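Going by the order they are written in, the chains are A, B, C and D; count residues from 1 in each one.
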């Protein structure tokens, strides 16, 4: 309780608090983290991250960031609304629902693996599993469920798994992301994701932040880049380019390929940590997946 | 601008689907698929095959709604609406597609001349809507830019 | 096939989404072989057994086609029946109730 | 005079021959370095999508006897592989510089 109080105090503090934060970062870097430090630093990261976008796009409502580039680009928003009026991913939701309800060979089902029978829980993912010491995404949890019940895991980028994820997201529409960083091991995973997000890579030498923070909203090649705030809320997505539904990690791989960096494995530790960081940054936004993208 | 999808979907009717054979379908009174027009490789050829002998005039009485820059050429939302009298058909052509004719809608007195469809455009091109009304072809056109080589936002 | 039909001011707006690959016959598979064309050619709809819509379409229509049209005279509770035929002769019929 | 000319031609040919022999070994050693570096970059998660293709193209050119082209491609591959390693170590120490806050 005292911790929360202190955190709040720092959040509402003025410049001095900011200076304190800086010294906290310095301490953290020297490997001297305390429980207080990492919680306060995550809070500060979220505030800074969200403030960045508020400053960049002062006219955009915070809640709009769940809509990706359509939050900031009126011309493409109109076409997107036409798509969302009767979106092609409705077939994926139906397929996902059928898959979800079909029992495994052992008689159990997906519902047995999840809280609230798997309904309305998308916003709780990804979370840090302190026992396993790793980030668990919804897609990983689906496959863990399958394997625990003697079923083969599904491929992570498209098809049945993407459709299951789409169905589970569809029952969570409007639920708000509030991903926690519960302990120091979680903070390590979060920090790894953060480091990935800000590291330049690929032949083009771009970081996630270069395209989706620095030049977010500007034309990069033929497209306007989306703001990083809210990236995970709408996934999985039906992309016109894919002509089908795909997962967030498929999109990560595509993004990496665009900057000529060799993609890392879907649901590997690196992309899961990245998803964790991005989801923590998007705290307070509503889940609205699946959704359609260009 | 806010759409609550859950409530929207809640109002959606579950459609019952069954597979029938072509022969058991009630025969429609309309003309069959105009193969020649759909396979024509030029705008002019498609127009002539579709509407032989009809005069084409530019019109301001047709509302063609399409994006100036398509998000993706694979899915371009297009709507056509008109108050012209006695509309018989509405056709959509994409000048630079390999086969320009995209669709023809047959309008009966029961219909409202207001249709929407999502089409493919291979490259930046003129999009042409033609409305057949009172024995004449009324035309409106608009350029739709299709960009390639983006990273998709 | 998914159908949504809604009546307002005596005009019924019908929207449909059809699951279909709409292969143009111009795409190639991974081995470079042309994937044969297979696309919907005709879509028709009836209301109380009365035809209210007919469209001829070609391969320029997007995958999983979306089409919307409107007609006069529908009443909430009435049935709308939609049928499509593709270039191979396959067909599907779906129905929905006007809301 | 004639003898001198023959001597020079012979010397020249010998030089050319040894140069091309040296080039093959050189290309292979550059390619080996490139392969090692690209594996290192991959292990750090910083491999570029373009580097292995350059190595492959260099191998192909070498097999086809086009040593100039092969040497060029091998150098380009090594350059890329080394740059991606520099990128990886720069990210390790300087990633915070990429925070636009």
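Criterion: a contact is a pair of C-beta atoms (placed from the backbone, for glycine too) under 8 Å apart; a residue touches a chain by one contact, two chains touch by 3 or more.
Predicted model only: the values in this text are computed from it and were never measured.
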Notebook entry, point to check: Quick check: more C-beta contact pairs in A-B or A-C?
Noted result: A-B
Check: Taking mean CA positions as centres, which chain lies farthest from chain B?
Finding: D
Check: Any idea how many Å lie between the Cα centroids of chain B and chain D?
Finding: 55
Note to self: Could you work out how far the Cα centre of chain A sits from that of chain C, in whole Å?
What the structure shows: 36
Notebook entry, point to check: For chain D, what residues touch not just one other chain but two or more?
Noted result: none
Notebook entry, point to check: So which bits of chain C are touching at least two other chains?
Noted result: 2, 4, 15, 63, 66, 68
Next item on the list: Scan chain B for residues touching two or more other chains and write them down.
Entry: 74-77, 116, 118
Item checked: Each pair of chains that touches, named by its two labels -> A-B, A-C, A-D, B-C
Margin query: Which stretch or stretches of chain A touch chain D in the complex?
Written below: 48-49, 52, 195, 198-203, 205, 207, 209-210, 213-214, 257, 260-262, 264, 270
Note to self: With touch defined as at the start, can you tell me which chain B residues reach chain C in the complex?
What the structure shows: 11-13, 15-22, 25-26, 28-30, 32-34, 38, 74-77, 79, 94, 97-99, 101-106, 108, 110-112, 114-121
Check: Touching chain A in the complex: which residues of chain D?
Finding: 42, 45-50, 80, 87, 90-91, 95-96, 98-101
Notebook entry, point to check: What does chain C use to touch chain B in their complex?
Noted result: 1-5, 11, 15, 24, 26, 41-42, 44, 46, 49-63, 65-73, 83, 85, 89, 91-97, 99
Next item on the list: In the complex, go through chain C and note every residue touching chain A.
Entry: 2, 4, 15, 17, 19, 63-64, 66, 68
